[in-house]
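What follows is a set of structures to go through.
Same chain, two partners: subunit A is paired with subunit B first, then with subunit C.
After this line comes the complex of A and B, so read on.
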């Protein structure tokens, strides 16, 4: 065994008592093997990775158990011995390649420094080794690239540099903490392939810490599932994903959105949510929220024609010296009333920009946006334009930054009602806010709290309640669940589906996650470099994609065949 | 980069034009200069003659363009009180001020950065706590109180150092320095410490805050995970990243040192431009005041230009574009 962890306990003393981040965790990794450590946020999986190389953040500490690496006990080593283990024998890869590299030093300087620290190579020898390492991780023109700074690399390239740095001391074990979470799908596949092939060539042991079942299915040989500080299940990847024994693993896998078939609802994950308190469901169609509004909405919900928008990258006096980025280029599509329309693309494809253009947050350089037949950019002060904006609300990606931390939930949700003067009295507003919070599953008592008292999933429910408060006909959801855990994602997506059916909403659903798109949408548009490649019915798109880029995206989807077939356990 | 510097230079010229207009307006707003130059018993003819000689009867525009023209030649006319060319007076006094500012800048940078790093890394040691609480005194006590306190302790009570003035001056060409004799150092040390204390505290606290910020970043954690030594992490990785924002403040603060030197020079009777300025204010010696204003503005502009260029040197993200 390369690494054997036995009975590991990690404690974080806090003001409210000791939090046990890991409870008698036992793990082992062989040379040439990839172990996946999977779990949701707060499960304690990253803590284990940090504990192995003694980089636990204060005040966390290991309270019991042993960590044996190639027969040596790591826990009894002093700081100097530990520094020799780090880099030289155990390498580490972190999540975000944007921040893992020192921005003020060249890649070469950082590599040479690490090589000189952890090998006997010096000067010219270290430099040559740096070139060789960059070539091994698939960076071409390595000699020239050594002189470049981190900001001159793309995200995927930076993660390759990070891997080269982790390999610099020729370690026997690599711990990769969410190595692909910050990357696009296509880059993710490349990086996972690279890690896998390095593992085979160098006979490395690899621990991949991730929340993503897809990553595990693609790369891991064995998998350990963590929940609430404990390892609930360990085993062969095919066995754990195909025939999970523990209830948690079963519900986790059930919550993963499937790309192969469309289900009515996401499988609910009772075990994880744990919260059985049921909230009053209001008869929303007959409620204030479902009452039709003064303005009759006819025609297509959203019609976008010949939309163009460029951002200035570099300002200059002369037009020819300006550097422009064409974020949205000649985009056309129509969203019919009552349908869910998906917008898919990798980062930088312009999908969020299109959403902001429709919401009126940006003004297009040219082209029109019609909401229920009204041009939203023509005379923005006109009452029709105001009504169009009221009919259209947005839910943002990051539930942490999209709510004002200094406002109570009541005021956050009531803001659109007060702004559009939708009620006659403050009393009525409060009742409606209470009903809304009940309906999204938070309970009316949540109204008096502040956003920081809620988890990510609960915050997203607040965002949804706020979006509904102006009685919209259209919801724009910009990656509404990509910051959330799978189990929470399932409940939020179910909530959105229910609301859409109850209220007959039209949805524009933006995501980079194809399985989620398949479950949510009726039609889909694929975006790349600001242009739309393909618009198709959802089943047609997944079964017979027309555009070559669509095919490419579908090929990159993690292979989920290992997973158990979905049972309609609703 | 060249276009960037050219843009900054153009902005600097604009600043200088505005400052020159302000300092020129001093001549017209701060009383009648003739009254200050002649005795009580001067005749009307004598007054008219001086008015004519100074060109005070010309139209404002003519006077202003003459002022700017002279300014470009570094001529600011005669001091009303001492009756000598202002540029000569400034050239005489400048070495004293610049040496004082230089020594206090070195003190505040050296100790500010060293102590800032120390307190940023060892945040919980008792030495850090002592340094931080002492540094509070540096910010909250006014400069003149610190100066008088130091004079009382080292000059009056212990009698180790002179209480005021600048001695041990040696002429190197036209530059009169006090930095090459022991006597000179004895006289500069107290005013320099007094002047540097405020800036030292500011730099210390800024470096500490930045250091703590940088120590939390992923690339420091990654450097640790690669087994790099603490020294390499602290100095090669953390310190340089700390310096990017610190440079801005330091640049502005060196300008601040020149401005604060007015108080310090008065307390220590240091024969620099600051003391000259205070005396000029007392006697409404407008040419000196105007020249001092222009001079301080020029210093600020030059320092800011240097800071902007330093960004290019330190931060490759600015140098090479995103």
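After this line comes the complex of A and C, so read on.
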């Protein structure tokens, strides 16, 4: 065994009592093997990675158990010995390649420094070794690249450099903490391949810490599933993903969106957010929420024609000296009433900008946005275009910054109702807010609390309630679940599906996650560099993509064949 | 994952749970400073109840008792704890009354500067463009002039604008105005910075999609979220405003000697410094230093408590 952890306990004393981040955790890694450590946020998976190399954040400490690395006990080592192990014999790869490199030093200087610290190579020898390392991690023209600074590299290239740094001391074990979370799918696949091939070539042990079942399915040989500081299941990757034994693993895997078939709903994940399902649901048709508004809405829900928008990157007095970024270029599409339209693309493709243009947060340079046949940018003060905009609400990606921390949930949700005087009395407003909160699965008592008292998924429910309070006909969802854990994502997506059916909403659903798109959307548009490559029916797109970029994206999707068949009941 | 409690927290529970309250209760320096500052401020506010004499009542002042040393020094009288000044007023009472005036001027000036600065700063940050440029350049220009000089200027102009017989009566308001107008750029800068951060957050975009007008977005959503850093500079600004008032009065530009503030007392005492009457200037000066120091300590603690990254 390369690494053996036995009965590890990690405690974080806080002023509200001791939090046990790890409870008698036992793990082992062999040389030449990739161990996936998977769990949702707060499960304690990163803490274990940090504990191995003695880099626990204060005030955390290991209270019991042993960590044996190649037969030596790491816990009893002093700081000097530990420093020798760290870097030389155990390498680390962190999540964010932006911050794990020093922006003021060239890649070469950082690599040579690390090599000189952790091996016997000096000067010319260290330099040659740096070139060799860069070539190993797949960076071409390594000699020229050594003179470059981190900002001259793309995210994926930077992560390759970080991997080269981790390899500098010729370690026996690599701990990779969410190594691909900050990267786009296309780069994620390359980095995972690289880690896997390095593991095989150099006979390394690799621990890969992640929340993403897809990553695990692609790279790991064995999996350990963590929940609430405990390892609930360990085993061969095919066995754990294909035939999970523990209830938590089962519900976790059931919550992973699948790309191969479309399901009506995600199987319920009671094990995780058990107390939300039982709340009272209101009879929408006869409720205030379901009553139609004064303006009747006819025609296509959203029609976008020849939309263009550029951002100024560098200001200048003269037009020719300005540097512009074309964020949206000649975009056309129509969203029919009642359908869910997906907008897919990698980061920087302009999909969120399109959403903000439709919501009226940005004004286009040219082109029109029609909502129910009304141009929203022409004569913005006119009652028709105001009504058209009012019929449209948005749900944002980040559940932490999308709610005003200084307002009670009641005031957040009631804001549009009060502002537009949609009810006759304050009493009625309060009743409606209570009903809304019940309906999104929070319970009316939530109204008197503040946003910080809720978890990410619960906050997203508050966001949904706020959006519904305007009685919208169109809901724009901008990556509504990409900041959430899979289990919570499943419940939120279910809620959105239900609401759409009950209220007959039109949805514009923006995501980078193809399986989620498959589950949610009727039609889909693929965006790249501000342009639309392809618009297609969802099934047609997944079975026979037309554009070469669509094919490329579909090829990169993590292979989920190991997962349990969708019909199996949890 | 958080559990959903059915009962919302009561105000008191929320208060006790607050990180800032907790940080306060676990930093002894801040607690001592808070006790000292609040004892002084309370004593000054309740000066009419606490002080043994009323220095503004001519019937209680006798020139025969003038220039008496503190009670523990030879020649001192027990009824005048800290001695008397040249006009026979009890030093302890005058310090309490003078402190009252100093604190009042400080608070009012900070409030004025804060209201002005935060309003302008939030508008500059939210509206941007030309409005932003005009407001912030104005602030920059004002910051190139030393604060105390500007306060003297505003104070002088303000006094000159008043008819002669009203000058003493309104002197205090002129001083407040002078210090408040000198203060605002600090508040505007911080408020603008915080506004730029908040405006990009999604809750502001959500408010815009709802269709709320800009004024409502600024006042209801952005302003409350900029208050944390504002609170810090307001606390430190209070100490500075008290010093500014004392400086103005010391220079004879501020509060007239008939209604003495701490600064006026120090100035009066300054004339007697070399004739052995040290108590007339020492005690008001010590009171001023202790007050400003404890308020500053509170401000420092507040800055650290509100910005966990500094810890």
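What to note about this one:
What we mean here is this: the second predicted complex is superposed on the first by the 564 of 570 C-alpha atoms of A that agree within 3 Å, B and C clash if a C-alpha of one lies under 4 Å from a C-alpha of the other, contacts with A are read in each partner's own complex, and residues count from 1 in each chain.
Throughout what follows, a contact is a pair of C-beta atoms (placed from the backbone, for glycine too) under 8 Å apart; a residue touches a chain by one contact, two chains touch by 3 or more.
Please read these numbers as outputs of a predicted model, since none were measured by experiment.
Aligning the two structures on subunit A places subunit B and subunit C side by side, free of any clash.
In the superposition on chain A, A:103 contacts subunit B only, with no contact to subunit C. If you stand at the C-alpha centre of subunit A, subunit B and subunit C are 30 degrees apart, rounded to the nearest 10.
Look at A:117: by the touch rule set out above, it reaches subunit B but stays clear of subunit C.
In the superposition on chain A, contact of A:389 is made with subunit C only, not with subunit B. Looking at the shared chain after the overlay, A:312 reaches neither subunit B nor subunit C.
Within the superposed three-chain model, A:401 lies in touch with subunit C and out of touch with subunit B [touch as defined at top].
Contact comparison for subunit A: of subunit B and subunit C, C touches the greater number of residues. By the touch criterion defined above, A:415 reaches subunit C but does not reach subunit B. Between subunit B and subunit C the least C-alpha distance in the superposed model amounts to 5 Å. Overlap of the subunit B and subunit C contact sets on subunit A: empty, with no shared residue. On the subunit A side of its complex with subunit C, the touching residues are 15, 42, 272-273, 275-276, 356, 359-361, 386, 389-390, 392-394, 396-398, 401-407, 415-416, 419-420, 442-443, 445-446, 448-449, 453-455, 458, 463, 466-467, 470. Residue ranges of subunit C in contact with subunit A, taken from their complex: 1-9, 22, 201-203, 205-212, 216, 220-221, 224-225. The touching residues of subunit A, counted against subunit B in their complex, run 53, 55, 83-88, 91-92, 94, 96, 99-106, 113-114, 117-118, 149, 151-152, 162, 165-166, 168-169, 314.
The residues of subunit B lying in touch with subunit A in their complex are 217-219, 221-229, 232, 236-237, 240-241, 244, 314-317, 320-322.
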